[in-house]
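As written, the chain order gives the labels A, B, C, D and E, with residue 1 at the start of each chain.
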Amino acid sequence: MSEITATTEVTTYDDSLLSVRSLDAGYGDLQILEHVDLDVADGEYVTIVGPNGAGKSTVMKSVFGLTTYMGGDIEFDGEAIEGLRPEEIIHHGIGYVPQSDNVFPSLSVEENLEMGAYILDNVPDDAMQAVYDRFPILEERRGQKAGTMSGGQQQMLAMGRALMLDPDLLLLDEPSAGLAPDLVEDMFDRIDRINDDGTAILMVEQNAKQALRRCDRSYVLVQGKNRYEEDGDALLNDPEVRKQFLGG
Amino acid sequence: MEPYARGRRLVRDQPGLVVVAVAALLLVGDLIGKLTGGGLTPARFGGFVWDGLVIGLLIGLAGIGLSLTYSILGFANFAHGDYISWGAFSGWAVAYLLAGIDRYAAGGLLLIGAGDGPAPGDVGVSITNTPLSIVAGLVVAVAFTVGVSLLVDRVVYRPIREADGITLLIASIGVAFALRYLIVFFFYSGRQGVTDISRVPSYDIGGVVINAHELTIVVVGLALMVGVHLLLQRTKLGKAMRAMADNRDLAQVTGIPVEGVIRTTWILGGGLAGAAGYLVVLTQGTIAYDLGWLLLLLIFAAVIMGGIGSVYGAIVGGLVIGLASRLSLIWLTGDLSSFAEPVAFGLMIFVLLFRPEGIFGGVSTA
Amino acid sequence: MMSNTGAEIERDERDAATAAADDADDQLLRVGNLRKEFGGITAVDGASFAVADGSLTGLIGPNGAGKSTTFNCITGIHEPTAGEINFNGEDIAGLAPNAVADRGLVRTFQIARELAEMTVLENLMLAPKRQQGESLYRSVLPTFRNGVIEEETELREAVWESLEFFEIDHLAEDRAGTLSGGQRKLLEMARALMTDPDMLLLDEPFAGVNPTLETKLLDRINQLRDEEGLTFLLVEHDMDIIMEHCDPVIVMHQGRVLAEGPPEEIRNNERVVDAYFGDDI
Amino acid sequence: MSPDGSPTDRLPTDRLDGFRELLERSDAALVLTAMAAFYLLFLSIGAILNYDLAGLISILGQVTFFTAVYALVVLALNLQWGYAGLFNIGIAGFMAVGVYTMAMLTAPPTGSPPGLGLPISVGIVGGMVAAALIGLVTALPALRLRADYLAIVTVAISEIIRLTYNSPAFSTFTLPGGIALGTGGANGIGNFPSNPVRAIYFTDPSSAASGTTPIGTAVFGFFENVLGVFRSAVIVDLTYGLVLAVVVVLVYTLLARVGNSPFGRVLKAIREDEVVAKSLGKDTNRFKIKTFMLGCALMGLAGVLWQGFGTGAVYPQAFRPELTFYIFIAVIIGGAGSNTGSVLGGAVFANLLFLLPQYLPNIIEQTFAIEADPNNFIAAIGPIAAGEIAPLLGYVLNQRLPALRFVFVGVLLVYLMQNRPEGLLGHRTETAAAVDLSEGHTPGTGPSQAADASGAAGGEGGVDDE
Amino acid sequence: AGGGGGSGGRTLSQGVLMPLSGGLGNLGQPIRDAAVLPIDLLEGNTEFTIDSQVEDTQTDPNAGQTAASSLVDSGYPAVTGAASSEVTIQVAENVFIPNSVLACSPASTAPEITDLDDNNLIWRTPPSDALQGQVLAQVASDNIGASTAATLYVNNAYGQALSNSFVSAYGGTVQNQVSFPKGASSYSSQLSQALSDDPGVVIVIGYPESGVQLFRDYYSEYSGETPFLVTDGLQNSELPSDVGNAMTNVQGTAPSAAGPGRDFFTTEYQNEFDSEPGVFTSQAFDATAVCLLANAAAGENSGPAIAEQMQAVANPGGEEVTPSTLADGLAMAAEGTEIQYQGASSPVNFDENGDLRAATYEVFQFNEDGYEATDTIEFSA
């Protein structure tokens, strides 16, 4: 893996919705991310790919204020958000769907969605209905305990909960992991639609072929550093990248 | 044939349950025998039941807070008993002050009559004689204990919020020691009379003597329980608490103000503990620095028997423990009467054998 | 229509059962009419299938079809509500997990369960079965302990080899809890292999694993099967893997076996396409 | 050690570093250094309090005794909790079972309460077996429970045990065969055989006025004639302390071997995730039961050696839950999971938190004599308005020092949990294996590599050194 | 220095071992005060220098042992203590006897102490409970005239022993023996058991700690007419005010604190500590006083030597020494004059076991202000 010696070739953008500059972050004393740069423009669809343990999830968590911040800048919509608490970041208009354990198992589907809008005084009915329209199965199962739903349904619920506040940017950590093929397709389609409705997407995916095909732009992360940043399709066709990260 | 087969299956699958059922039947039979045969007067039986209900209600009241903090913060708070004690001391110091300030020096009153302070009979606090100071004391007990639990949370638990349950549990043992002996530092280490029993009216209901303080406790205790129930059912707070008990990290990510909910949990748990401590003194009439600590194991037994995290479990568990510790005395007489407390513990262990998660375990009712 | 489907399934089951009876010594694992209910939910609803000795059998099906629950029943994590489970000619239904593993049937977990506070090395050293030093007196008494030390030295070598293969040797002394999602999956598989099993049940072992490493692991699985005769039952949602490596493939749906056969046949089975693949194929 | 130069031209800091290195490498050196420090501390206290030589020997005997008994119980708890994660907070109960069984087996049949009059060795083994069996009875149902439920069950059982021994109902009773036995109720049992080490020195160990054995004559003679120490009791006590120290070394060795073995590895796995251990073919129930029973047997032994022979009589009130908490504090100070840490934790608790505070008031009194002695807080702070601080000091020192000791213990515990929850040695993950796992391999850049290696090697080395 | 005359300036060492914290802390503190009172009074009034040290047993056997060792190690040849019988027996056997240190307990009443194999080193100034049981029985039958009784006793060594000794001495029927735990939140059930057969008298053995609770429960649930008889542990003048009832149906028996020097002691105690002397305080004064006298007579700070002199300075024969003439007594004892100490609690007449030869018990009656003695009963062992 160490053959790739190319240093960061990342373009920076001026008008991005989310801009991460030279971010250092980790867990406790352990630094994972080194000088990571990353941009997401308004309404853009960006993915991060890379080997296991590269720090992809750590990037997402860092944006959301869940890691130990060690340096660099994170700006969202022109405002600095590094060091804020997650509930404050939510106020800024970012939603986050973690990689695993992303529903409250003993709460019902409806209650899970209500929790998504906790920071509002009242749960907006139209927001709830919008989620139900997007994921009809959730409306059907509104009273069911989330913990008893199947993997795919839980993934939809988690996404629905993050959409309750109609965020400008949605962070998705491996949304297709563990889904059956029909659901994988379905999931990617839904993400496309969410994106089409104007929500910017930052997504981590191991299902790189699908992800790269659909996204606008992609970053490759290795050992906590940016390696590449390119159009999804271009990356998909780069033989070096294919060999190293996409399994030939 | 059908019931026979069912019975056989029951014996095979749940032999323990059958044994318990048989034992329970025998006890009930024996009880009826004693009641009709005159070995036990109905009045005495009623007295046991009433006694058990009052103490059980208090255990349940105190248990709600323990159960809430247990499930939401993920640790067994061994300092809970000492919150109860501080509730008692802070509340009664103020009740004494208000009841006697027109006649006695403030110092002795604030120490609840310790040292050269006035005697209970002189201050004369009782619900009928000095209702206002009793109510004021209750309010102070709640407020003060809320303050103590928030302060302790800020200083002790918050810096180690992410630590595992055992670390927090042990920190709480430290808090317990410190709080308990601070009472000794400021007050005293003995047991002291507080209320004026000569001014507590009592009523004879079918031979069972019920006094005004016990009635006060039942009324206040039930009111508080209903209040908690409504608070958790009618607001999204209850759901947020359940969400946090499920998965605190996710709650944070979802935008639930985790620290805020934790604070509310302490306010509820601490307030109820303070109220329970204050009311315990109202019924037993005496106060001691370790009164909460002595109750703590019984409260734990109640909470665990009811199922951790369940408010109703705590209440039911408290009543069961209270009744068991009193009703067992029908059989445990003479030398054996010291086994009342072991019986309560034994009952808890027994329940856990059949329902390892507690009576209401796995059912979230808050 | 409904009854028709039911009949077909029954026939499938019968076929499977007859097939199992035909070459019984060829079948390492046989599951018959397995049922598992949780309260009101029936997670597995009369599934029957068999896995041939030395095969790499695929188990696929929509989310919630009951695949993991079937694994849990086979390996004793859950007690089946009803049904037969036969491994290597022995009825293992209702046995404790350790008893099942002891017979050479070992599983991995869909959501990796690393032993967080133990090092990666310790995680692997734990796995081998029937270690002398697992007996209290042997680990303590002087003469016996020499034997224990000897055995540990041997195990150590095997463990390091495995670590190197799975490309996690650089993490050998780190606590397993600090590994990334994918690394945990690798650890999980390495650990299961250390038990020297006859058959491995792999529950979505590649979910979250980088494709390059995935290819390497699959080569290894094939190698173990070919050279050491290990049997694999693999749950996986990645159809490319299933189609390329597994034969036969079993399809579960709503707690039952919907179809069973070579990948080609499955790919073209209409009911499977409806229930599972969606528009993907 | 240092590649350059002979020891003579090393700088003092080098030597200090060398010593620190030694402490990191050898657990025996670490423990012995700590003990030396404690001995020195208490000798200075004795000196401040003007003790004569006998007094100084006596204080050393006490330091040794309490360090050893605490270390013993802490080691046993570490096996259950540190290794297997079995959260047993019924320690006091299991200690009680050990010592009560010993007492009932060995007390003379004619005494009050009557015992069986069996030899001491039978009593000790019996005590351990009984504690192990009660452990089994506790463990069987508790195996199904989650950790914190197990905790409450064990503390409940410990209270049931204590209240049973305390109850008048079993003060004396008759077994079916007509044999009389008794717990003595709240009076406890005081008439069991005297401390076995007395037999080294006295011809009739049970009598206060006994003659001495040849060894006794020689040893006492030496102390009397050469050192001028006429109190034979301090020599007996010190001897007992040393015997206990040997017991600690033996138990340590036993537990270090248990820990550094595949058995210990399974225990660690059970603590982490029992389902995983099961799925790898480990019969976890068997491991848990064995561990629980072994731990309880050792607690029973500690009960015998501490509350039995150590104090000469056994009372139910000695086994309140507080005792259990003390042991827990000690294991946490040392660092759960580390046997050496357990010994250190036991030593720190026994000396700094148990013994030292008992000497403090006298030292304080010697240093500043404060006459004022107000008997309540209001009287103590009242004069502060007038600028008088003496009453408050007098209140603190003369009236409330014992209470403040507990406040201090509590604050210390909180401090430890916040700043060093892993304890003195908990950071040193002792790898559960009988051999050094990375020998001959270079495990990349694991940050904890050095510590791990020394932990594993040190643990073993420490034992062999002793 | 040495025996005989002219021993002025010698140091007399006396340790005090009491529970100052823990369960008996409240009981122990006034006893400690009384035990150091003789030393305070003598200071500056005698040629002797008196060195004393107080140690806290924390009401805990382990801590008690360390505390006792600390006294022994500091070189104290004689100790006033300990309070509870459990701790006294234990430190006697493990610390005092092996190290040849004399101990005189002002509060341990357990019969077992009589039979300790103690090389004459263990003494006490209150009478054994073997006697109090008989006194209780006598008062119950004769004064109260009850032919049936029930006992309610605290579940510890003190309660169990005294209940048993009452039961074996009582001529009437004992209907119920009910034990109760210390520090419980309610004693209603135990009361209801004890009162269930309408006994002629209820004997309550306990401490004020639980007594407050027990009598509160009693007066809030019963009419308060059944005669009650309590023991020395409950002889506390604050009990009625703490309970909030005049407790006129309650009498008690206690070793009488009616020695010849009682008034002097009471006055001095009030002066010094600003409160009323409590239970076992006068015995504590006497214990320290006798030890000091014996020490002066022995002429050296040695446990066995002091033990030799205990009976000589206390028992009848010789010049009378009382609490008020203690300084003179010391001088006489040092000169070898034969003296007899007449104490605050009793005349102090030891038998060969170190127990009191004769004991006087008082019967007391509670009232609004505390209690008053109504009768005395002489008993000899």
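As a working rule, a contact is a pair of C-beta atoms (placed from the backbone, for glycine too) under 8 Å apart; a residue touches a chain by one contact, two chains touch by 3 or more.
Because the structure is predicted, anything quoted here is derived from the model rather than measured.
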item: Each chain counted as touching chain D and chain E at once; value: B
item: Most widely separated chain from chain D, with each centre as the mean of CA atoms; value: A
item: Interchain centroid distance [CA atoms averaged], chain A/chain E, Å; value: 78
item: Length of the line joining the C-alpha centres of chain B and chain D, rounded to whole Å; value: 34
item: Cα-centroid distance, chain B relative to chain E, in whole angstrom; value: 38
item: Whole-Å gap between the CA centroids of chain A and chain D; value: 53
item: Chain B: positions in contact with at least two other chains; value: 188-189, 335, 338, 341
item: Contacts with 2+ other chains: residues of chain D; value: 166-168, 375, 403, 447
item: All pairs of touching chains, each written as two labels joined by a dash; value: A-B, A-C, B-D, B-E, C-D, D-E
item: Contacting residues of chain A [partner chain B, same complex]; value: 64, 66, 85-87, 90-91, 96, 98, 101-107, 111, 114-116, 118-119, 161, 165
item: Residue ranges of chain B touching chain E (in the complex, touch as defined); value: 44, 47-48, 51, 55, 119-122, 188-193, 195-198, 200, 202, 209, 211, 280, 283-286, 288, 290-291, 294-295, 326, 329, 333-335, 337-338, 340-341
item: Chain B residues touching chain D - in the complex, by the definition given at the top; value: 76, 107-108, 110-111, 114-116, 156, 159-160, 163, 165-171, 173-182, 184-189, 297, 300-301, 304, 308, 335-336, 338-339, 341-342, 345-346, 348-349, 352-353, 356
item: Residues of chain D that touch chain C when the two form their complex; value: 254, 257-258, 261-266, 268-269, 271-273, 275-284, 287, 290, 294, 429, 431-435, 437-439, 441, 443-449, 452
item: Partner chain A, residues of chain C touching it in the complex; value: 38, 41, 60-64, 110-111, 178-183, 185-186, 204, 207-215, 237, 239, 276-281
